[in-house]
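You will see two complexes here that share chain A, one where it goes with chain B and one where it goes with chain C.
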Partner chain A sequence: MRVTQGTFSFLPDLTDDQIRRQVQYALDKGWALGIEHTDDPHPRNTYWEMWGQPMFDLRDAAGVMSELRSCREAHPGHYIRINAFDSERGFETVRLSFIVQRPAEEPGFRLERTEDRGRMIRYRLHPYATDKPSGSRYGK
Partner chain B sequence: MNDVSKVVRGPGRSRYTPGVIPYAKMGYWDADYVPKDTDILAVFRITPQEGVDPIEAAAAVAGESSTATWTVVWTDRLTACDAYRARAYKLERVPGSADQYFAYVAYDLALFEAGSIANLTASIIGNVFGFKPVKALRLEDMRLPVPYVKTFQGPATGIVVERERLDKFGRPLLGATVKPKLGLSGKNYGRVVFEALKGGLDFVKDDENINSQPFMHWRDRFLYTMEAVNSASAHTGEVKGHYLNVTAATMEDMYERAEFARDLGSVIVMIDLVIGYTAIQSMAKWARANDMILHLHRAGHSTYTRQKNHGISFRVIAKWMRLAGVDHIHAGTVVGKLEGDPAIVAGIYDSLREPSSPANLQRGLFFEQDWASLRKVMPVASGGIHAGQMHQLLTYLGEDVVLQFGGGTIGHPMGIQAGATANRVALEAMVLARNEGRDIWNEGPEILAAAARHCQPLRAALDTWKDVTYQYASTDTVDFVNTATAT
Partner chain C sequence: MLDTVKINSPPTEGQQTPATVDLRALYAETQIEALLTELDEELIGLAPVKRRIREIASFLLVARARERLGFSSAPPTLHMAFTGNPGTGKTTVALRMASILHRLGYSRRGHLVSVTRDDLVGQYIGHTAPKTKEVLKRAMGGVLFIDEAYYLYRPENEKDYGQEAIEILLQVMETQREDLTVILAGYTDRMNTFFHSNPGFRSRIAHHIDFPDYTDEELLAITEKLARDAEYRLSESAREALREYIVLRRQQPNFANARSLRNAFDRARLRQAMRLFQLDGEVDATKLMTLEDSDIRASRVFAEPRSDDDATRLN
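Right after this comes the complex of A and B.
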């Protein structure tokens, strides 16, 4: 299966050139770019590992692409996303977040159902990848 | 002690002689009045009866929506009545109209209870709309002062927190309403929800009149729907939701349904505007306390918002609902099947989403409005829209909006999942192109056609609905444009 989190997951994987143009758009808006990676794709896994801090002072798309290359080299099997953070009052949140690398194999999720009182069912989403310890799920 | 001039304020002692005197002379018209920053301001479109002086009509509206009755009462003098009288302070003829006027009225903050839409509306739209000397009356806009805004909870969740909870950024959210509206069993209903969510939508929605009917009781719907939501989430790795409509006959019933939705793990519940302002505020409070997004369907509003000469402008309802505390509200599509002039819709969206907005007559905003950090409401665009209009929707409505394609998902020739996928691909392709600096307004059809080359469902959607548009003149339009538009 294909995890479809992020702004552009229904499109074919973005080329580096397409990624750079999105980064430039965010920079032009004055947003800070951040790179994050994980090997736990649970939709409520909010805190992916930060590849350094958000780049508040970096205003050059080439610099962001260079950080992305380093992150990919260090974690070739992880999900990687680029976040654009807007510190403007009234937002102070991520304004754009898209996946720029995903594992070759995405085993997906198991839906566990626990029958409760009456016909109530409690649901739990279990990523198959997390059956293995962190670090050995999709390779590095 | 006996200095009468100190005791009798304003119009003087003769003001209180028993009998009937014009409202304007009772102190409800004051052309020199400078509104205080703390006043609540309202602008009404007044159509006086023939022979009625428009200033007197404006004063009457101010009077009847505050302290006045039809005759002089001496008991006014037991109060600081000058302070409690609303004042009509400005009157303008509606551009291009012979018999309509905009009357501006200021109300002292002390006239209102803190944090109560019911109290506010009982004054502002209470008796006055049936008042005989005006042929028709429409509440066009309001300025809600910061000290008053701060007495309301506001949206239970708000746009920022909603996006963070759903982990969805950078694009409009996508939804659909289950069709047919009525008649599906719980199990069949859940099938539609599952297909649409798995295909790529973020939300599916109950319709306004889906409550607990013989063909599908509410518990059945909730149980099957949440199976669909969770299953779709497992297939996609995304947070998904279905607006479970908890509208019911009593607050007790609504709380029972909302609690069941919460216990099943739903991220969102829904109510209809027809439940009333107090019930809406109660549900907003409940939603805040239960980490729930609150969706409002504006069922019924067109009975009083659509005609230009009488009723309430929807922008006023939108402002009240931001105070009342809903997170989503249907607010117009511009391009779809329902009423929606582009400038009017832009003004409504500003009132829902901006931290503050300046007066902008071209958008129908008569006053500056500061929301004092009250959270933002996500507008919902729903009704007769399809993937082929994506460039127009994104241009008109921006990013913080839920685009709901009901027929445009479920009516897809290749099935519901394909319909959902077509919409999601069209949306992502359009956002990508816009961010790259493309001129989506003019290049939209090309961008969609290019995206359809890697997405057969989008190709089929574009072919099926390519000629569907709703080109009718809007009824509710702005007055301050080059061409006059009075009814």
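Right after this comes the complex of A and C.
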């Protein structure tokens, strides 16, 4: 099941050139860019691992793209996203966030029902991928 | 400068490529002429440098034309080394170079990131690589100007982290040539030693440009231009005093060409302000604008014998 979160996630995966142009758009707006990755696809998993520090004062997308390249090499089976932070209001706010790499196979989620007090039903979303320990999910 | 040259398309190319490229039109399209003329007008002297820049510009233009006709073209190596004495305009030219490369389409953003050793080399193990990479990322799409580049390599200390920065630089200079142009600058003799001990750099740098010292006449012209830009003017006697000043200053240690003259000009302005203040009367526009010879002759350069090499008291 395809994970859809962030901008463009209902579109086909962006090509590298499309990613570069989105990054350039963000840079032209004066936003800082950060690269993050994870292998836990749960939708409530907000804090992904940072790949290095967010990049400030860049002028051209080439710098971000080379970081993205090295992140992909280090984490071939992970989700990777690019975040753009806008500091206009005095704090870094995410203005744009999109997935730039996803695992070849996304096994999806299982819905679990738990019976709570008074026969009340509680629902829980369980990603199949997290059955395996972190680092050995998605093949690699 | 360029005549219209018609280039026949190579026989192997039959498809969509045009048969000729009008170099003159390409030249006009890039609006490079304006930049080069500006360079000629605003920078005094430096004839060999200007000639080299024109050569590079023509070469890049021809490379563009070749590309349009479908010649196979690896991106040309543009990394440069500027060598010359202090104050000969290396940084100024580097800034112009960035916009020239931008106009010709060999630099996407046309900005200049100016760094020295401190910005590239870290203080402890593992600190250098992220620092250098961050600078490189900031410079992507533009020009990275490394001032006093020979400081990167410290042969007397083999544990020096400069070597790490050099290796990263070399790698990026080779693999991301189309993203980044590196300009190394420094004093001629020390840069020669630097290149000698880092042959990797020498071979990756396509253009070595040597900046000659300014002549006395050129320095005078530069000072007058500085004055003009700041809306000052030199009286006839002040010009004469400045002429003498240049001759004397050149013989003294720590002479830094145009930079010394800029400092001298700044100090003359201070003295002029003091002199006007002591007049204690009304001043008019001419008085406010004019630097007199007393403003220049009050300099210590005239007072002290040249054997005194206390650098801090010069100018």
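We adopt the following convention: the second predicted complex is superposed on the first by the 132 of 140 C-alpha atoms of A that agree within 3 Å, B and C clash if a C-alpha of one lies under 4 Å from a C-alpha of the other, contacts with A are read in each partner's own complex, and residues count from 1 in each chain.
Just so it is clear, contacts are C-beta pairs under 8 Å (C-beta built on N, C-alpha and C of every residue); 3 or more make two chains touch, one makes a residue touch a chain.
This structure is a prediction, so every number in the text was calculated from the model and none was measured.
Engineer: So if we stack both complexes on chain A, do chain B and chain C clash, or do they fit?
Structural biologist: Fit.
Engineer: Pick one for A:109: touches chain B only (first), chain C only (second), both, or neither.
Structural biologist: First partner only.
Engineer: State whether A:21 touches chain B only (first), chain C only (second), both chains, or neither.
Structural biologist: first
Engineer: Please work out whether A:130 is in contact with chain B alone, chain C alone, both, or neither, and reply first, second, both or neither.
Structural biologist: Neither partner.
Engineer: Tell me which partner A:67 touches in the superposition: chain B (first), chain C (second), both or neither.
Structural biologist: second
Engineer: Roughly how many degrees, to the nearest 10, is the angle at chain A when you join its Cα centre to the Cα centres of chain B and chain C?
Structural biologist: Computed angle, apex chain A: 100 degrees.
Engineer: Return the chain, chain B or chain C, that is in touch with more residues of chain A.
Structural biologist: B
Engineer: Of the two partner chains, chain B (first) and chain C (second), which one does A:57 touch, if any: first, second, both, or neither?
Structural biologist: Touch status of A:57: second partner only.
Engineer: Given the touch rule stated above, what does A:46 touch, chain B (first), chain C (second), both, or neither?
Structural biologist: The first partner, chain B, only.
Engineer: After superposition on the shared chain, which partner residues are touched by A:120: those of chain B (first), chain C (second), both, or neither?
Structural biologist: Only chain B; A:120 stays clear of chain C.
Engineer: For the superposed model, what is the least distance in angstrom between any CA atom of chain B and any CA atom of chain C?
Structural biologist: Value for chain B versus chain C, nearest C-alpha atoms: 16 Å.
Engineer: Output the chain A positions appearing in both contact lists, the one against chain B and the one against chain C.
Structural biologist: none
Engineer: Once bound in the complex, which stretches of chain A touch chain C?
Structural biologist: Listed in rising order, the residues are 52, 55, 57-64, 66-67.
Engineer: Spell out the part of chain B that touches chain A in their complex, as residue ranges.
Structural biologist: The touching residues are 160, 163-164, 167, 169-171, 200, 219, 223, 226-227, 230-231, 233-239, 263-265, 354-355, 373, 376, 421, 424-425, 428-429, 431-432, 435-437, 451, 454.
Engineer: Provide the residue numbers of chain C that touch chain A in the complex, in ascending order.
Structural biologist: 108-109, 111, 130, 134, 136-138, 140-142, 176, 179-180
Engineer: For a test of understanding, state which residues of chain A touch chain B in their complex under the given definition.
Structural biologist: Within the complex, chain A contacts chain B at residues 1, 3-5, 7-12, 18, 21-22, 25, 41-44, 46, 83-84, 89-98, 108-111, 119-123, 125, 127.
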